[in-house]
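Paired with chain B in one complex and with chain C in the other, chain A is shared by the two complexes that follow.
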Partner chain A sequence: MRRREFALLMGPSLLVMLGLLVVPLVRTIQWSFQKVEYGSPGDFIGLSNYAQAMSDPRLGRAVFFTLLLTVIVTATILVLGYLIATGMNGLGKLRPYILGAMLVAYVLPNIVGAVSFSWLFDQNFGGAVNYVIQALTGQNILWFTETWPNRIMVIAHTVWHLLPFSMLMILAGLQGVPKELREAALIDGASGRKTHLYVIIPTIRGVLGFVCLITIMDVLRTFDNLIPLSPQADAIGNESIMLYVFDTAFRDGSAQLGLGSAINVLAILLILVCLFPFIRGLLKEAKAKA
Partner chain B sequence: MRFHKHLRTGAAALAVVASLAGVTACGAGSRSGAQDATAVACDYTMPTADTTVNVLAYNSSAIDPFTNTMVKSCTRDKVTLKHDPIDFGGQVTKTTASLAGGSGSYDVLETYGFVVPGFAAKGNIEPLDDYVAKYADKYKLNALSKQMRSAMSYDGKLYGLPMQAQMYVLAYRKDVFDSLGLKPPTTFAEMIDAAKAIQAKGEIKYPIALPLNATADITTNYQAAMNSNGKDFLDSSGKPQFASNESRKALEGMKSLRPYMDPQVTTFDQPKVQQQMFNGTAAMAIMFSGRMNDLTLPANTKLADKFAFAAPPAVEGGAPYLYSRLSVDGWSIPKNTKLDKDMLFQMMAASVSEDASKASVPAAYPAREGMVSDDSSKYAAAANATLGKSMPTPGNPSAAPVTNAIRPIVVQVITGQLDIEAGMQQMQSIAEKTIAGS
Partner chain C sequence: MIADTIKAPAGSVIKPAPRARRRSAASRISAVLLILTAVVMLAPFIWTALSVTKPTDVAFANPPVLTGYTPTLKAFQDLWETTYFAQYLINTLVVAVLSTIVALVLGIPAAYALSRFPGYVSAILLLLALVFRSLPRFSVVLPMYEISKSLGIYDTTFALAAALVAINQPFSIWLLRNFFAEIPKELDEAAMIDGCTRWGTLRRVMIPLMRPGIFTAGIFVFLFAFQEYLTALVLTDTSSKTVPVFITTQLGQTLPMLQQAGAAAMLLTLPVIAISFVAQKYLVAGLSDGSVKG
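Up next is the complex of A and B:
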């Protein structure tokens, strides 16, 4: 490809990336060192925003909750996604229909899905889950105001929303496993469990790494589903980092854009730390294949 | 090959869902359509070039009649008024962004008394007194309530043309009250007595419903409780009043109602409180008057004919005001609009004209006096009775940031995580720091 063609094809993408990724990132870093009022140039205040953010116990709570959610959801999605994909792989004619139905949870706008999901637990809007639990145990669980019930509900929704995509990716990986490998394992007398553990999973390691990476990125950015699912997130320790950033920088026209930017920079660093092993692994794999 | 088939199925599912979402979105957008809006005279001087006027106003049954009237009546010849559906939270964020800098995205803004002092003090919105004087006769602007004009003013100048107001109203189940020989409560103590009697009957477990949502409504309710005792968050000199005796009484009063409310009430906003009333799981609710019309519509609930309305109670007997807030909505002109401000003012004035105001009842309580009489709506008498007994709103630019800053503490006090005395001291300290830093 000639240079001119390359520039012509890549130019628009690079421009969009510059405008939507690089410029906001640079501004965020710049504002994190400033006291910023909307519409007026910020005043440089050094590390004050970072000091304020780090001394706020709310940040610690938000980081703890976000990491907890990330670990539990990622582990659950990997296990469930693998199990469902394996089951799906063995299905016949029904597979496309079940797959299509499952994808609805993923393609629904997150906020819409979260509102519908919250109604399952909200007696004002039917509360089917409450109804069943109450009928079976006589317990009335306060899903929205008690910390752990609320966490379980948020985890359940996040898994419900993200599982279809992960399952689809793993299913694609499973279909790429050569038949010969399975047959060889069978001839060698490997049990089903051992075939999965020592043959199939190592073969689709790359796909599983990719699913892990995407899931971690998605969960670390948890924000909009908490609005219906955890209306008093901060008070019960279930506020995500992104919700905290929004609350600080934007809620009710708040002017703490500098402080919000500082928290955002800290969040970006945290995301990079969490993703580092996966990015390194994927790069190594790509290098080896090249 | 097989995977391609799955992908095709997935793509088909995506297409179906996207189409459904599109249809739903169209449905939502049509709410702001001005097809059935009231047509009024809007005869501003036509600009020479094609002009688009961008209007920012959130969608609600109380605001839509005015927005739709403006869009329908003032769109003509070279001028097109554009209004996209938006929720209240979105409006707040867009307003802040639009008012920043030399040029904004909107030319007419829906504002409300709570934020007007802040925008006015920063010079973000245009004073309207000269336009009011110029067009007072043409649009009969002197009939706009003085109390509501005062709520949209700062430092003696008018910054928002009031369109409608909301005040707290008590909605109650007349059938339940009548069967127990109860009368609408006039104090929190009477409210608790009524709640106990209703609970004892055994049909309604949590008779009282208030919007105490931890991210917004809870501070409005705290303010209403303080107002009932004659104090606001800030006094006339801007000093925080959270450590006052009135603040203590307000918090004690709110906490005293908790045992008679749904245990998850700190997650309830006004729609959820409405839902409690629709479902029959609550017997009395206090909300802004703009929410009351929904209770009277049979399409919303089978209990529509069983609701009655009254002025809200006072926190305690002998209190100077009722448990209420007067929230006034109106139109403002951003300082950074490039369009002719005289033209924009006339559009605003047309939308609050007599005909438009009359047509907005009963969904809204118009700022134009004499529009809401006892026969206008089922809750008109209750709203009128509340209006005169709501504490006047003292406009202070620090009120909004202070309210945001103290909200987490109010939540902790009301949910019992923090005792009242410690909460009051913390709020006082936070408010002082917020004022010093703003």
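Up next is the complex of A and C:
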């Protein structure tokens, strides 16, 4: 393909991304060095937004909570996704129905799923889960006002929402594993567990890495589901970074755009650090091809 | 010792039969487990469906009332009559359809170009797409809020659709590129030898071959736009509000309004469930051909 053709085909898409992603991003970076309100030009105040953000213990709590969520959810999703996908791969006629039913959690708008999820746990709304736990153990768990129960509920919801995607991707990967490989392992006398550990998992390493990457990206951005699931997020220490940004930069009464932007930039840096291994891998690949 | 060595092969000769039986028992167990998992995965949805078809006075009773009430669709009726739900639903659909079409029209040529132009430029662009996909939404959406206000397009479906095209563009390009990469380059060359221009090759040869890939990418982009909460929350106010935003504004209000929110959630979900059942085949096939082999 000639350079000119490449530019013509790529151009419109690049223009849209330049205008609607890069320009706003530059604006965010600019705001992060300013004292600014919506609709008026800001005053340059150097690094003081960053200083203020870094000295606020709320940021540390939000980072801790977000990272905790990311690690637990990603690990859980990889393991559960693999187990379910393996079972799904062996299913016959039932597969489309079960797969379709499991995908519902993923295709539902996140916020809608979170609302439904909160109803299962909220005693004020008849909470089925509460009722069952109370009947079994006599305990009444405060899912919305206590830190750890709330964390467990948020983790459960995030896993619930993202599991279908990882299961789907891993299933797609499993279908790409050549039959001969499994047969060879069987002939060599490998047990089921060993076949998985030494044959199948290494073969679909790429898929697992991709699932890991997408999950990390999505969990680091957690925002929507906390609105119904953790209405007192800040008070109980379960505020995500994005919720913190929203609260600072947008919610009525505060609108500290500069401070919010600074937190945003810090979040971008954190995300880039988390993605660094993947980015390095891709760059290596690109170098090999070039 | 000798007995052992004789026994071992003898045992393994007999083995296949019980092994086959054990296997089918195992697969039956795994089928049951999977059905259970699917039910658990559907539980929030089932619970909401139950809650919104109960009369308001028993819907949120504790302990939950499971029998002995007359199911009612009053919440749906109220939703339709007392709120602008129809308008919000239309907004959501318009935004999703519009942004899907634009994303594909822009994304297909770009993805094609990326799959056929080897070297650093394409690699860097793909890497940037990845970085852009991982950006926190707020870092682009808050400036968009200001820009759309100053341009006078704040709270229009057009502005929201445009924002979603941009936000989802990295993903759609990435996905589509991997589909294109699966099509051998020799096909392009053959078409061009036969006199097609590059554009003609894309239109006449590639797009027909890419149909399943385009379908898969289209479903994803449509779903993302349909689901989007945060961008819609920031970029809309009243006239172009979407259903997810409407649902959250109903929370924390009165119980009947809460039931209406649940009813809205059901109405938004049912078409999406239909899509997921119809499309699951394409999603699996699409993903195994597509994004995986990036």
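The definition used in the following text is that the second predicted complex is superposed on the first by the 272 of 290 C-alpha atoms of A that agree within 3 Å, B and C clash if a C-alpha of one lies under 4 Å from a C-alpha of the other, contacts with A are read in each partner's own complex, and residues count from 1 in each chain.
Following the convention adopted for this analysis, a contact is a pair of C-beta atoms (placed from the backbone, for glycine too) under 8 Å apart; a residue touches a chain by one contact, two chains touch by 3 or more.
Predicted model, so just to flag it, every value in this text is computed and none were measured.
In the superposed model, A:Asn124 makes contact with both chain B and chain C. Of the two partner chains placed by the overlay, chain B and chain C both lie in contact with A:Leu108. Of the two partner chains, chain B is the only one that A:Phe144 touches; chain C does not reach it. Contacts of A:Arg221 after superposition on the shared chain: chain C is touched, whereas chain B is not.
When the shared chain is aligned, chain B comes close enough to touch A:Arg251, but chain C does not. In the superposition on chain A, the chain among chain B and chain C reaching more residues of chain A is C. After overlaying the two complexes on the shared chain, residue contacts for A:Leu99 are found with chain B and with chain C alike. With both structures placed on the common chain, the touch criterion links A:Ala156 to neither chain B nor chain C. Legend: residue contacts after superposition of the two complexes on their common chain; A:Ile268 is shown touching chain C, with no touch to chain B. Residue contacts after overlaying the shared chain place A:Ala190 against neither chain B nor chain C.
On chain A, the patch touched by chain B and the patch touched by chain C overlap at residues 38-39, 96, 99-101, 103-104, 107-109, 112, 123-125, 168, 171-172, 175, 231, 250. Residues of chain A that touch chain C in their complex: 1-2, 5-6, 8-10, 12-14, 16-17, 19-21, 23-25, 27-28, 31, 38-39, 84, 87-88, 90-91, 94, 96, 98-113, 115-117, 119-120, 123-128, 130-131, 160, 163-164, 168-169, 171-173, 175-176, 206-207, 210, 217, 220-221, 223-224, 227-228, 231, 241-242, 245-246, 249-250, 257, 260-261, 264-265, 267-268, 271-272, 275, 278-279, 282-283, 285-286, 289-290.
Interface residues of chain A facing chain B in the complex, by the touch rule stated above, are 38-40, 95-97, 99-101, 103-104, 107-109, 112, 123-125, 142-145, 168, 171-172, 175, 231-232, 234-235, 250-255. Of all the residues in chain B, the ones that touch chain A in their complex are 2-3, 5-6, 8-10, 12-14, 17-18, 21, 92-93, 95-97, 99-101, 115, 118, 213-216, 263-264, 266-267, 269, 272, 275-276, 279, 281, 400-401, 403-404, 408, 411-412, 415, 417, 438.
Across the interface of their complex, chain A is touched by residues 27, 30-31, 33-35, 37-39, 41-45, 47-48, 51, 59-65, 106-107, 109-110, 112-114, 116-121, 123-127, 130-147, 149-150, 162-163, 165-167, 169-170, 173, 198, 202, 223, 226-230, 234, 243-244, 247-248, 251-252, 258, 261-262, 265, 268-269, 272-273, 275-277, 280-281, 283-285, 287-288, 291-294 of chain C.
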